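Here's a structure for you.
Order of writing sets the labels: A, B, C and D. Residues in every chain begin at 1.
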Amino acid sequence: MATVISPRAKPHVERLERIWTERPGLVGWVTTTDHKRIGIMYFFTALAFFGAGGVEALLIRTQLIGPNGTLLSPQAYDEVFTMHGITMIFLFVIPMTTGAFGNYLVPLMIGARDMAFPRMNALSYWIYLFSGLFMYLALLQGHAPNAGWFDYVPLASKKFDPGNNIDFYGYGLIFNGISSTAASINFIVTIFKMRAPGMSLNRMPLFCFAFLAVAFALLFALPSLSVAALFLELDRQLGFHFYDAAFGGAPLLWQNLFWIFGHPEVYIIILPAFGIATAIIPTFSHRRMVFFPLVALAEILVAFLGFGVWVHHMFTVGFATVTTVYFAAASLIIVIPSAIQLFSWITTILTGTPEFKTPLLFIVGFIVYFIIGGLSGVTLAAIPFDQQVHDSYYVVAHFHFVIFGAAVFPILGGMYFWFPKVTGRMYNETVGKVSFWLTFAGTFITFFPMHIVGILGMPRRNYTYPGGLGWSLLNFIESIGAYILASGLVLIVANLAVSRFRGAPAGNDPFEGDTLEWSTTSPPPPYNYPVIPTVSSPYPMWDEEDRKRDNRRLERGEGLLELGHETPASTVQDAQWDEILSMPSYSIWPPLTALMLAGVFTALVMQHYFIALGFLVADGLTLIGWHHKGVRT
Amino acid sequence: MKGTPAVTRSSAAWSAAAAGRVSRQRMAQPNGWWGMALFLCAEVALFGTLIGSYFYLDFQSHQWPPAGIKPPGVVLPLLATAALALTSLPMLHAARSARAGRRGSVIALIVIALVVQCCYLALQILLFRHDLNQFTPQGSAYGSIYFTLLAVHHAHVLFGIVLDLTVLFFLVYRGLTNYWLIGVRGLALYWHVVNVLAVIVVFTQLSPSL
Amino acid sequence: MRYPPSNRVLWFGVLGGAVAWAVQFVTNLYFTFAQCNSPSGRWMLPIHDWEIGLSIVAVLVGLAATSVCVWLYGRTFHLDHVAEAERRGLGSAPPTGRLSFMAMVGLTVNFLALSIMIMTGVGAPLLHVCQQS
Amino acid sequence: MLLWWWMLAAAVVVFVGAAVMLVLAWLRRGSPGLPWFGEREDISERMVLLFGIGIPIVVLVVLFGVSDVYMVGQTSPPNPRTTAMTIDVIGHQWWWEVRYPGTDAVTANEIHIPVDTRVNVVATTGDVIHSFWVPALNRKIDMIPGLKNRILLYATKTGQYRGQCSQFCGFQHAHMSMWVFVQSPAAYRAWLANMAAPARPPTTAPARVGEQLFMSSGCSSCHQLRGTSATGTVGPDLTHVATRTSLAALTIPNDPAELAAWIRNPQAIKPGVRMPDLGLSPQQVNALVAYLDELK
């Protein structure tokens, strides 16, 4: 039951249009503070980096297609697999999930008109963009980071890796971390405070629970990465000795700090996927999730337990068992929240009346691969077995099933699912199904043989391998699979690109969706909802009465907030309408601030510390401009 | 759910009195307060990591501090930190009187705190320079973590001082509007956390001497 | 206990076990680091005693939190089956609906936190101190 | 190993179970509710509880007890008391230095151990982090600056086992492998005696030229020949290089032709390797090869 704009409501809507419309053209995009536009910019930027990372992946697979490959020199290979890791994790998955999906959908789903801090939202996008370009700058100068995305010292120290390539990595991560921290603060406050009246915690869509969990995980995990990178740069550029055993430092300190961030990171990658799955499954199964509270809980709990498992990346460094055992226990127990969700999804599909359209197909593929990746993950929590296959292709297989199979599949499904909402047009169902089967098969063919190669003893990160060890055939199969996979992805992009212009009009609610975003027009207006919706269950679109009442209120011109650039704020737990906020409008300052920061980090890499300081001061001045105009303080 | 009329347009509160009234009516903490609180969560995690690293290096070394470096002196840092911690009181009252809509006392209280904080920072910088003459961060892992930990902490004090000045400037220039009332509360929150961290940092710094 | 309980009690019930686990985890971790990572063995710590003691305390806290949730769940369950509505994802009106929801969440959190604490509390003391794995 | 097969079995069961449920879902896509039970919400909730919490907690606790408490204790690394002998293995970019404490024996990229003997390997590193892994014989252990990690080598069958570095350690991480030769005690003792002996003097004329060259042209500054003036420690000890089956950590087999190619231009065979191109003439190279081939 979507919003209907009756003649009587028209003047109100036009008035809202006037208030909320931003500047036209390119300027509008640069100065925008609209969470939807920012989400779209995130989407295309992340997609571009996905392309780059994909090309790197294909290079790797082509190099390894047969023994003694010579496509890439060892130097080139190291840079390629390092950039592949960095790109896919920091520049694709996180921005695509939190940045694109989160930014576009969270405010819509909770019935808000924008994020809590729109300008900070824009800022985190621009910082993300610049940090991505910053890290690829290293590739352009012909000398990219080459010590792996895990970047273990002392291999990454000045002694064994002269040149500034690792500095791009270190500063790039700190730079990128600022963006993610700002974004996660923004998400948490938005979800806590901007929920539509009546959306108490128990009425919040599961999608939002997932993003809440992600935001918290990012908030607490990133500092550890930033500190690790800070130490690294102090070591490399000022000759400190955090990681230098000869001076009482500890190479393992890097590994600990990195994985304290690195494992929560894995759940930061996977949780939005859970969220997307829990948004798609009820819609196509035409029923509410089985055991709603447990699913919500599981999403939060995964993020929390994720902080207690990091040493299972380090079982082979020779820690005492009394230390590792704590991590082993946590690594095992964290299986349970995942299992809860898994079986809740399955039973929901089973007991509902599922229509297997493309989005749901991708979710089913996600479930299958999540089981495979999850199970191989359990085996890695068993210390002896882990010590056998650690750093072998078995691990590569495991985390690609988790990250690609389980995290990227829902992203692809979500791209199909919300495409009609974002563009107002339908994608091509048949092509969609074909693209799914291509991607599904490609993923399996690429990554499954890696389990076997790993158990046969093939280590990771080798730029080549000798023949005659029983590895060659499996590697050949993997490489072929990689190309199938790539073709599937290209087909998806092509399908969406064509449908964007040729697709049939979609209407507001093509799938009988369950959450609020389907009630507004497609694409949604800048103010999202003409009338502030009121909510009485986690599936507001299935509460006909509420939506009808919203329409009546629209006609009476009630609850419109048409006096200014305004949106409601509500209480944290029970979402009673608390106050009316006036939101800042479009502004040029966020991109400028990000640009100044980019200057700071570039100067730091070049070791011009005074120039860096100058940029920092300039950055402070932009913040004054930020508060000076356009926002009524 | 309550209808629109009952809900306050908080951003329209231009006078100190109105801002105070809005602030008292609010059922939940304002967005700005939450933003600062969450930012401080990240800061706490940051210091947690630094202090964790300190003890990690401590535990895995033969001798801490290494031979040739004498453990830090106790008295001055402790006194300075105590003085800094006391600035939580004026900040607490600044937030209170802001909610009561008393602009003048807010400004006065922040200035008092500001003076103490500046003295603290100055003293700490002197101590820092003095330590640098004793031993260097390039000399050992102990030096590295010691100076990094302190530098990061002092950077936070410096940042807080800049925040003080910003808020003061706008309190004078814009007055105690709803926006800057929330600013004052955020500022107070920031200082409470930084002061607690200062105590933890100083005890970490002095742990070899205690 | 008063119904609805104060927010402090409620959130203790939801998070108590988890926090207890976190504390037990980090503390024991640093004990083992101090004992096993220092080549000189400067710290003669009775690891196992600490492990057992901490685990017991943590488990007790977890149990306390659990009891809050049990009480809350039972309490809301009898209010014309709010709890059932919550399990169905119908989202009954706050605060009761939310309380019941959070009671269920808390029950599971505490259950899992307790199981980790007991696993490690029993498992770790069975291992040789500082033997490398 | 047994644990693996058990985990695999459990994994297969879970996977099949879930797959069956998904297939059922597809078959019954038209009709709501569960098969046999119909639209009983409480049943499906109990399913979630059972499969999501009930069964996993039991399995996981068992797995924890077996693998992380019991088995770790069984297979934990040896201490000198329980082992017959100790070998020091030192990782370098990108080769393995192998020392036999108590003897002068030093070799590279080849470990010889007697059969049916518990050998305590002390794994350390000369530069970056490496990881010692002989898949067929035991788990892996990282070699970390400042740490002395230990791992057990124990073989019940004589033969040749391949091992390699499994922690990324730079450009030639891929070409950092080794052989473990498990020999009968007698053969082992003979081999060790030979290894401990100093380098034998050259016998033929070209070999003598080669020796001169070795000492004069750079080689000796990196490589050691025990019993001669060549005492370099950067590269592998070549005292008995001719006895080895391969060169450059299993990059190429050890025969005169390959050796000559290697000396002529190591960077072409193993790009990034620390060994420079000495720009020797073919004759000089042949002389060196002749000499090195006599170092049995």
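Following the convention adopted for this analysis, a contact is a pair of C-beta atoms (placed from the backbone, for glycine too) under 8 Å apart; a residue touches a chain by one contact, two chains touch by 3 or more.
Every value quoted in this text rests on a predicted model; they were computed, and no experiment measured them.
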Chain D and chain B - chains in contact with each: A, C
Partition of the remaining chains by touching, absent chain D: one piece
Centre-of-Cα separation between chain D and chain A, whole angstrom: 37
Averaged-CA centre spacing for the pair chain B and chain A, given as whole angstrom: 32
Chain centre separation in whole Å, for chain D relative to chain C (CA means): 42
Rounded Å distance between chain A and chain C, as computed from the means of their C-alpha atoms: 29
Chain A residues counted as touching two or more neighbouring chains: 250, 252, 291, 294, 318, 321, 324-325, 329, 332-333, 336, 340, 383, 387
Interface hub residues of chain C, defined as touching at least two other chains: 33, 87-88, 108, 115, 119, 123, 127-128, 131-133
Chain B: positions in contact with at least two other chains: 56, 60-62
Chain pairs that touch, as defined at the top of this document: A-B, A-C, A-D, B-C, C-D
Partner chain D, residues of chain A touching it in the complex: 73-75, 78, 147-148, 152, 154-155, 160, 245-246, 250-252, 287, 290-291, 294, 316-318, 321, 324-325, 328-329, 332-333, 335-336, 339-344, 346-347, 349-356, 364, 367-368, 371-372, 375-376, 378-379, 381-385, 387-388, 390-392, 456-457, 459-466, 469
Chain C-facing residues of chain A, complex: 200-203, 288-289, 291-294, 296-297, 300-301, 304-305, 307-308, 315, 318-326, 329-330, 332-333, 336-337, 340, 383, 387, 536-539, 573-575
Parts of chain C lying in touch with chain D, wherever the complex brings them together: 87-88, 108, 111, 115, 119, 123, 126-128, 131-133
Complex interface listing, chain D residues touching chain C: 41, 45, 53, 57, 61, 64-65, 68-69, 72-73, 76-77, 149-150
Residues of chain D that touch chain A when the two form their complex: 1, 3-4, 7-8, 11, 14-15, 18-19, 21-22, 24-26, 28-34, 39, 41, 44-45, 47-49, 51-53, 56-57, 60, 63-64, 67-69, 71-73, 75-76, 93, 127-129, 131, 133, 135-136, 139-142, 144-147, 149-150, 162, 164-174, 250, 271-272
